[in-house]
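Next up, some structures in structure tokens.
Look for subunit A in each of the two complexes below; its partner is subunit B in the first and subunit C in the second.
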Partner chain A sequence: MNFKIMPKSAFADWVDRLIGSYRVVGPKRKHGQYVFDELRGVEGLELHYPTSVLPPKKYLVPQKEVLLNYHLDGSRLEIASKPEPTVILGIHTCDIHALKLFDRIFSQGFTDQHYQAHRDSVILVSIECLEMCGPNAYCRDMGTASATEGFDLHMIDLGDVYAFNIGSQKGADLFKGFRQAFDAIDTDVDQINHVLATKWDNFPYRLDFDVHEMPALLHESFNSTLWDELGQKCLACGSCTQVCPTCYCFDVTDEVDLLMEEGQRVRRWDSCQIHEFAMVAGGHNFRERLALRQRHRFMRKGKYQMDAYNMVGCVGCGRCASACLAGITPIDVMNELCARQQCSELEPFASVVAEVAA
Partner chain B sequence: MIPKKQKAKPRVAFFDFTSCEGCQLTVIDALQYHPELLDVIDIVEFREASSDSSDVYDIAFIEGSCTRASDEMRLRTIRDTASVVVALGACAHLGGINAIRNKQELDDVRHYVYDGKADWFATYAPRAISKVIEVDLVVPGCPISGAEFVRLVKGLLQGRMLEPIDYPLCIECKLKENVCVYQRGEICLGPITRAGCDAVCPMYGAGCEGCRGMITNPNMDAFYTVLREHGLSQAEVETKLTLFLTNQTMSMSREEAVHVEPTH
Partner chain C sequence: MSFLLEEVKQSDSIYMPIPARITAVSTLTAEEKLFTIELPHELSLEHDPGQFVEVSVLGVGEAPISITSSPSRSNGTFELCIRKVGDLTKVIHNMDRGDIIGIRGPFGRGFPVERFRGKDILFVCGGLGMAPLRSLVNEVLDDRGNYGRVILLYGARSPGDILFKEEIREWDARPDVAVHLTVDRPSDDWDRKVGVITTLFPDVQVDPRNTVAVVVGPPVMYPYVLKELKTLRIPKGNIWFSFERRMKCGVGKCGHCQLNHIYTCQTGPSFNYAEIEMLEEAFS
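Let's turn to the complex of A and B:
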């Protein structure tokens, strides 16, 4: 591994230099919560934050994005988004794992060129969490409480200095011409290893079973009585999916001007928890019941993504649990399914073992 | 379809019933930002903005709820004349704030308001105009959103009846990363209310009062549980749902009553 060391006293200078060349965003405090927002300087940046309301996915798949501009006579058709080069500072490792999943999702089959344009324009600077970020997180269980790839730079807080793990040339270039970042020497590496090795006491396990068993558990739980119980509690408010770093469902609409000459094709986030999501032509709704929507959501997180992309679809960030007024949390759901299935007897899916071990 | 120059512009009329006229004001405001609409429609009656009036029109926008038997005849005339009828705002869409009184005895309310002259004023339970005539399109909200008005009217002129949004406000609220007002120990009707206002009340720190009406199929039992967990008594829950949702909740409980009967 290739590390740079930067005294914390130099960090503000570095951020200011970045702001001179890029749009720089990072976690900031807003009315007692934290949101990723544009930085004008290092002031306001909070690297020690619990978690953000929306994950940084909003810079890769914006809440609302114009995809195409066109003229209805066919004389004009152009891709609208020309993303600005953007440095995203302070990404938690769970969100880095979620973006790895996004990279797979949006490149499988047809590459989503809008996603790819954003992806090529962002530089991901993540930070190692040294303690659980909140009461609903369970990143250790999901294998996302640390990261060795998927970032351009990865920061580790060593007290007086930050260590930066260099993940890519794009990341390394952020130090070009900056004289206060030094190559790590042996004692720095020892300290990095010490911090990384001793943090685990602050990360309790919360799942009652091994994540390798999650797809098999969900497979066995397809007809569980728990789904009806969740359906009775759920408000169908969609908050859980909106805040989730691995949810990517979207809706595409055409918005045409009054004279039906010019138009825009727009993409917006969608949610499997709302009534109209599974409504098809003729008015049939194949997931009318809330129980079916809840089952679908948890199947997506714990099994379907594994089937399709070979990664578990939940990174354990806990955002959905914090957002849910009905108190539905993935930890409780998974543990309850486990209790009802006696999941210790399940065979783990071989592919999960391979992924988590990798 | 879109009226090109060779075609006659559709004649548009605005009518008001029991209302505060706030929605008509919002229309005037929206037209200032979208004057292009005026190139493609011909406003023949709009008491709030013009002294013209007409008995002939193609599209009728109706603001206000129906609160008297005598309103019904006027509504039917509008329906018979217009080819498209649009309910404009919460009063017309749901009965609006006017319907708060529907949970009380009508005579008590009339005497409270008009005192000795109560008998001079014929009135009945305020209702949505769709209870009296067929409505083709709804622009929800108290007041309506100017942007949504423009979107729905554009669709109408293009021959498309766009439905107003039918997902809950929480979706829009989360997209804006507002603080959920429940986190501050306050109550919000966002989980059961139609989005489309850009979550304007939570954005300014106030809970949603449900002015855009309920989403299709809200899980009311689950929502009551949430409200009770946040400290509301049964009576407070009912009061909370009164400002805009009186008619909708009353018809829900009537449906439920019908529903449970056969099991006895």
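Let's turn to the complex of A and C:
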């Protein structure tokens, strides 16, 4: 591994230099919560934050994104302009893992060039969490409490200095011409290893079973009565999917200006928890009942994405639990399923339909 | 000549529609019209029966529509049978010869005709399912010598709702096609069966060893038809369905069309029963 060491006293200078060349965003405190927002300087940047309300996915798949611009008479039909180069500072490792899933989804089969354009425009600077961010997180269980790839730079807080793991040339270039970042020497590497190795005690397991059993557990739980119980509680607000770093489902609509001359085809975040999500012409709704929508959500997180993309669809960030007014939390759901299925007795589950998915 | 799908893929956006011209419009029923579409001259559609295109109108929106013409009859043009149900389909119904609409596709997996050759074919169709199925029926009939018996069971709400009446009359008149029709609500001059699609099954005898069944219709129909086909002892791998879910993007990204973990816009819409019988959401 290739590390740079930067004294914390130099960090503000570095951020200022970045702001000179890029749009720079990072976690900031707002109304008692933390949100990723544009930085004007290092002040306001909170690298020691529990978690953000929305994950940085909003810079890769914006809540509302223009795909095409056109004149209604068809005389003009253009692809939306490319996003501006953006450095995202202070990304937690769970969110880095989530972006790896996005990379796969948006490139498998057809390439989504709009995602790709955003992906190419961002430089990801993540930071190692040294303690758990809150009671709803279960990143230790999901294997996302640390990251060795997927970032351009990865920061580790060593007290007086930051260590930067260089993940790509794009990341290395952020130090170009900056004199206060030094190549790590052996004692630095020892310290990095020490900090990383001792952090694990701060990350308790919160699931009662191993993540590798999750697909099997969900498979066995397809007809569980728990889905009905969740359906009774859920308000179908869609907050859980909005805040989720691995949720990307979208709707595509056309919007027209008041003069009825110019228009845009836009995509916006959609949610499988909303009533119309799976409704088709003729009024048939494949997931009419809330119980079916809740089941779909958890199946997707713990099993379907595994079947389709060979990656788990949840990174254990806990945001959905914090956002849910009905108090539905994935830790409780998974552990309850485990209790009802006596999941320690489950056979590992080889997907019966992997062939179809391939 | 290049293929539309290549053009769509090579564009800088997979969501960019290719402008195409409506060259003919005809009224099929009170709710459905048939549109003939011509692509820009250097492009061809090259579809399989059962595939769909994303059809769009600027300022209105986009929707998945099955290609109803067969590959065997696509002389540079193709046909769409569109039911008026909402915003976009209403606007399309008001369009005329010469108007431009956007097309992306063809998307999805169609029916694998090469697997059907030499077999007896039992088509089971409900309502608007005739739109995608007609593509396959004509493909089979235009290559009639390569198939055994051809049987069509078609159920519609009323005689007035039957799609492609002229064509079905022609099929019915052929000695090598058996057409069985039923409607839920008969008119006074209706002399065929009355009732749901399953009322036609007692009239059908098949050699299960050599029969492929292709079922296209509304989702409520599928479990009942499946039961009949199991009674006929047709092998699971020879029972084909089209699974139409809500679709938006057509390219496996938007998540709307999921059936368990499967994106029906990519791996489907056509599946055989052996492929999906383990998927709990298939017949929901």
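In this text, the second predicted complex is superposed on the first by the 335 of 358 C-alpha atoms of A that agree within 3 Å, B and C clash if a C-alpha of one lies under 4 Å from a C-alpha of the other, contacts with A are read in each partner's own complex, and residues count from 1 in each chain.
Just so we're on the same page, contacts are C-beta pairs under 8 Å (C-beta built on N, C-alpha and C of every residue); 3 or more make two chains touch, one makes a residue touch a chain.
Being a predicted model, the structure only gives us computed values, none of them experimental.
Once the two complexes are laid over each other on the shared chain, residue contacts for A:C320 go to neither subunit B nor subunit C. Contacts of A:L153 after superposition: neither subunit B nor subunit C is touched. With both structures placed on the common chain, the touch criterion links A:V243 to subunit B but leaves subunit C unconnected. Once chain A of one complex is fitted onto chain A of the other, the partner contacts of A:V53 are limited to subunit B, with no touch recorded for subunit C.
Of the two partner chains, subunit B is the only one that A:L235 touches; subunit C does not reach it. Set against each other, subunit B and subunit C differ in how many residues of subunit A they touch, and the higher count belongs to C. When the shared chain is aligned, subunit C comes close enough to touch A:F286, but subunit B does not. In the superposition on chain A, A:V87 contacts neither subunit B nor subunit C. Looking at the shared chain after the overlay, A:L124 reaches neither subunit B nor subunit C. In the overlay built on the shared chain, the residue A:L174 is in contact with neither subunit B nor subunit C. In the superposition on the C-alpha atoms of chain A, the part of subunit A touched by subunit B in one complex and by subunit C in the other spans residues 256, 260. Partner subunit A is touched in their complex by these residues of subunit B: 2, 36-37, 40, 154, 157-158, 166-168, 170-171, 174-175, 177, 179-180, 182-183, 190-192, 215-219, 221-223, 225-226. Taken in their complex, subunit C has these residues touching subunit A: 9, 12-17, 19, 56, 58-62, 83, 85-86, 100, 218-220, 244-246, 248-249, 251-256, 258-263, 266-267, 271, 275-276, 278-281, 284. Put simply, subunit A touches subunit C in their complex at residues 67-68, 70, 72, 74, 77, 79, 105-106, 108-114, 222, 248-254, 256, 260, 263, 265, 267, 270, 272, 277-282, 284, 286-287, 292, 296, 299-300, 303-308, 352-353, 355-357. In the complex of the two chains, the subunit A residues touching subunit B come out as 30-33, 35, 53-54, 63-64, 232-239, 242-243, 256-260, 269, 271, 274-276, 288, 290, 323, 325-326.
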